[in-house]
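Below are two complexes that have chain A in common, paired first with chain B and then with chain C.
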Partner chain A sequence: MSALSTIVKLPEVRGAVLGDLTGVFLDAVREKDGESIAAVMGFVASALVQAGEQLGLGTLRRAALCGDARAALLVLDKKHVLTLKVEPAKALPGVEKHVETSIPGQG
Partner chain B sequence: MDSILQGLLDLSGVNAALVVDGSGHLAAFLGKAVYDRALCEQAGATLLKAVDSLQLQQEDWETVAAQFTDGKLLLRSLGASGGTTRFLVVVADATLNPSFATVALRVAANKLKKAFEGGGVAAASPVASQSGFGTPYPAPAAAPRSGPSESAAVANTGVSWSKMGSSVTLTGITVNDPASATFLSRCTKELARAVGPMSKVYVQEAIRRLSPEATYTMALRAKLVEDLAAQIEDGTDRDQFLRAAEKL
Partner chain C sequence: MSPSPTIPSGAERVDLAGLAGQKLGNYRLEQLVGRGRMGVVYRATDEALLRPTAVKVLSWAVAEAAGQDPVHWFLSEARLVARINHPRVVQIYGVARQGELCYIAMEYVAGTSAEALVARQGPMRPEVATEVLLQAASALKAAHDSGVVHRDVKPGNLLVDGSSVVKLGDFGMALGPPDARIGNARLRVGTPYYTAPEVWRGEPASPASDLYSLGATYFHLLTGRPPYAGPDLRAVEQGHLRGPVPDPRTLRPGLPASSAELAMRLLAKVPGERPASAQELIWEGRRVLLELQSAIAAAPAGAPPAPRAPEPLPRPPAACAELRQAFGFVRRPFFEADPVAPPYRGEPFTSARQAILAHLSEKAVPAAVLAGPPGSGRTVLARGLAAALAGSRPALVLDLSRADGPPLLPRLCRAAGAVEASAHGSLEALVERLGEEALRCGSVPWLVLDGVPAGPPPGDEILALLSAARSTGAMKLLLVGEPGLSEKLAAGGAPLPEVLLSPLPRDGIGAYLESWLKAARAPAAPPIVISPDAQLIVGLRSGGLPGRIDRLAENMLLLAARDQVRAISSWHAWAAVDRERWADRPPAALPRRPTPWPTTEVVAVIDACRRGAGLPPWPKGAP
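Take a look at the complex of A and B:
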């Protein structure tokens, strides 16, 4: 994920956590609670991967999780899970578009 | 309830629409071809785990849009009513128009919330909704709640493919890796375009013919496709299946 540095510089990206599908914490930018986020989002991503396998949808690329005020974007690259915390939530499509165009395999 | 889900199913690219309650049961569902109740219930239970975990980080979640290589999963919270939470799930292929889907999902969610809040639906028990393309199924028992890591172990240790959520009628087929399971799911889906919901049975029988131990590995891929193609009577459908199978 060489484009990571440019993505985390987006003003709407308030923090980023890199983990893997087993929930192991690897790195974080502007995020104090990286270990907890990596664990939870690793599990969420694993469950989505499993549902995708059950439904024959192929490989999970990313998942956009949206709430009232804030959102999160999970980006999967092999076994790595990058969680981007996005605020405000309405900025999510723009961040997703940026990810789509700058990370290989996300388009 | 079915008319609301049918509205979603009418969208181009949508293959199934389901409502999952807080205990992992289907409150309602409609699905095309291989997306039968058993498969949807198992996927629903898996998605409930994702939602339950997600709430640890984001209690106010409204939507989840998961992008896969071959399709999309869209989830929308229906809030809580009658003592249980629910969420709506749409399973779609890559042809789904995301803008239309967002609007349709919002409309459907509003109608479903009203239906649940208004008591139009018995909130305490699973609704006897069924596939719009087959015989009604009885409400099944709770689906197993194994974790994702357990699923990976299942795929690696050769437990029945049917237990990974594909069918109640397809039993005893063993796969040794996730790639084989994914291929079988996709292959069954493609075959269903020609033969309908019986595709699972055809796949099961074909594997048993090719492997006496009823174990599927990717080494059997070509033979399996050839065997299945031979069972499609219509030449055009057969060619279409073979073309699609090449790309799987």
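Take a look at the complex of A and C:
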């Protein structure tokens, strides 16, 4: 995902990890344990893709996880899985909007 | 040189327990090894033939108290036993009188009694107790065929040598005084704990009462105590006469039903409800033994022997507290795969299983080799095959990896329920026994010999077995060992078909790990994720051998449990060791992750692994 470098410039994006659906770690910005996050989010994304198919959502593009302090945005692009750590959580809609406009196929 | 001390002659009374060092005929008495109702027994050396001998010296006091002519009594016992020429009966070498002492020289059994074994080690495993029962039953059959009733069968009269061969001794009660055969029960019974009800009632002892005593003995071997262990003689008598037949499972709950039911049938109050003869008991005992052996074949390799506290078979080992609490493991992961339902059923096991079955289903192929390096999963596969076959044909599994174990052929004989006529007659007895089973089941029995030594030359016993399998067709052999075993066993002839168990392929390692995680945890436990880089490192370090993967993986899990993470990363795979298991180590003693991770050296290794798997290199600049 070539847009990774621009997205991580947003102040609310505290870290980002790029992996694939099998959990292979491909890249990370401001994240110490990208390997584990890529592995877990690859597993989660694979499960969500299956859930999306069950729900008839079409090709899954994004999924948001929102906690009371932080949030995470999963961005799926073909075989890639981008995980953005967002803080504060209320900044999630803004980050998602930015993803929609800056990453091809997410609009 | 001083003359040897000799036994004093004349009418003076001799302290029978103080004869060590003295000489009776050719026999130098060395050590007092037992006391019986009729006298004492010494271990001695036959100084003419230079062989160990047991010498039984008569107690005058007992003979006189019984009003017997001791010489007649002794000679009668010797003649009686000499009539029973059987490998499971202690043989008589000679009988003589010296001065006022009479003695019988007999076969010395270097071992101990079954009673002492149970006292020292606790109840026997059911299959071991049943083997003892079968050997004693064959001795009784020989005695009964010769018209002799033993009348004192008990654990103390079953002598077990270092190779687990059992011999029935002390036929002293088999004749006894004539009035002891009928009449006052307290005078004529053998040992109260093992005496049949009809004998307590004063009826003559019979082959059926010997079988009752053997049943009480079997009960003792299985449970560690006789069936009626009352506080006094009257309570014991009442138990035998009127007490309900005790179920050994009340003392040992996990005992297999077949074994318990056989013991109870032998203890029936009415002689007609017991097995009709020693021969019938041998047949029933063999069936029970085969059932028990089949259950063992289905048990995990390396299952702990002889549990003192009885447990049902088989029970997977529990996970340690750290793995139970952190990850929801209900059994120990990566430890002792269940051969019947192993967690992993993929390649190369499926192909290897099919290849073995294909080879051994050919009539002209008497044996096949399952070869693989240690840790390749060959034992689990072989035991699984035997367990799967056990329903349709007899399948015995023997582990040959113990260098200190008894010789192979006698072990196989006992496992199969065959009674060998001599040390050299094992193979004939085994072939005959397996032939009987083949006729009974309609299919040729399998013998699975695990851990066949690789080093040349192969054992004579294995070559003899192979030769017997080829020429008789009475058995199929599956020999499990290291690659190249087939050529070593060929001995110049055509090599046996060999199925090579290959290491797990790279993409099979992830499936292997996943299958274990699924099999060992509660269904609702949250997932554990193993990163692709961790899987690559496990593959590299294990060489794809399940035995090494198992140790690495369990140690990885222990590290992750200590770190309280559910994602297993390259660091866990790098730090875990494959030479030992860390389950007993305190968490604080486990290695700590360095910062930063991975180091340059590790990145180089990961990149090499990734290249081999067709993946992009570790991201530059990360972490």
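We adopt the following convention: the second predicted complex is superposed on the first by the 107 of 107 C-alpha atoms of A that agree within 3 Å, B and C clash if a C-alpha of one lies under 4 Å from a C-alpha of the other, contacts with A are read in each partner's own complex, and residues count from 1 in each chain.
Simple rule for what comes next: contacts are C-beta pairs under 8 Å (C-beta built on N, C-alpha and C of every residue); 3 or more make two chains touch, one makes a residue touch a chain.
Since we're looking at a predicted model, the values are computed, not measured.
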So, after the overlay on chain A, do chain B and chain C clash or fit? They fit
### Message
With both complexes superposed on chain A, which partner does A:Lys32 reach: first (chain B), second (chain C), both or neither?
### Response
second
| query | In the superposed arrangement, which partner chain does A:Thr101 touch: chain B (first), chain C (second), both, or neither? | reply | neither
Checklist entry - With the two structures laid over each other on chain A, which partner does A:Val40 touch: chain B (first), chain C (second), both, or neither? => result both
Comparing chain B and chain C in the superposed model, the one touching more of chain A is B
For this session: Go through the superposed model and pick first if A:Thr6 touches only chain B, second if only chain C, both, or neither.
Result: neither
- Does the superposition put A:Gln50 against chain B (first), chain C (second), both, or neither? first
Here the angle between the directions from the C-alpha centre of chain A to those of chain B and chain C, rounded in steps of 10 degrees, is 70
Where does A:Val24 make contact in the superposed view: on chain B (first), on chain C (second), on both, or on neither?
second
Distance floor for C-alpha atoms, chain B against chain C, superposed on A, in Å, equals 5
Overlap of the chain B and chain C interfaces on chain A comprises residues 22, 36-37, 40, 43
Contacts from chain C onto chain A in the complex sit at residues 527, 529-534, 565-567, 569-570, 596, 615-616, 618-619, 622-623
Touching chain C in the complex, chain A uses residues 22-28, 31-40, 43
Note: in the complex, chain B contacts chain A through residues 16, 34-35, 39, 42-43, 46-47, 49-50, 53-54, 56-58, 60-73, 91, 147-149, 151, 164-166, 178, 181-182, 185-186, 188-189
Chain B partner, complex, touching residues on chain A are 21-22, 36-37, 40-41, 43-44, 46-70, 72
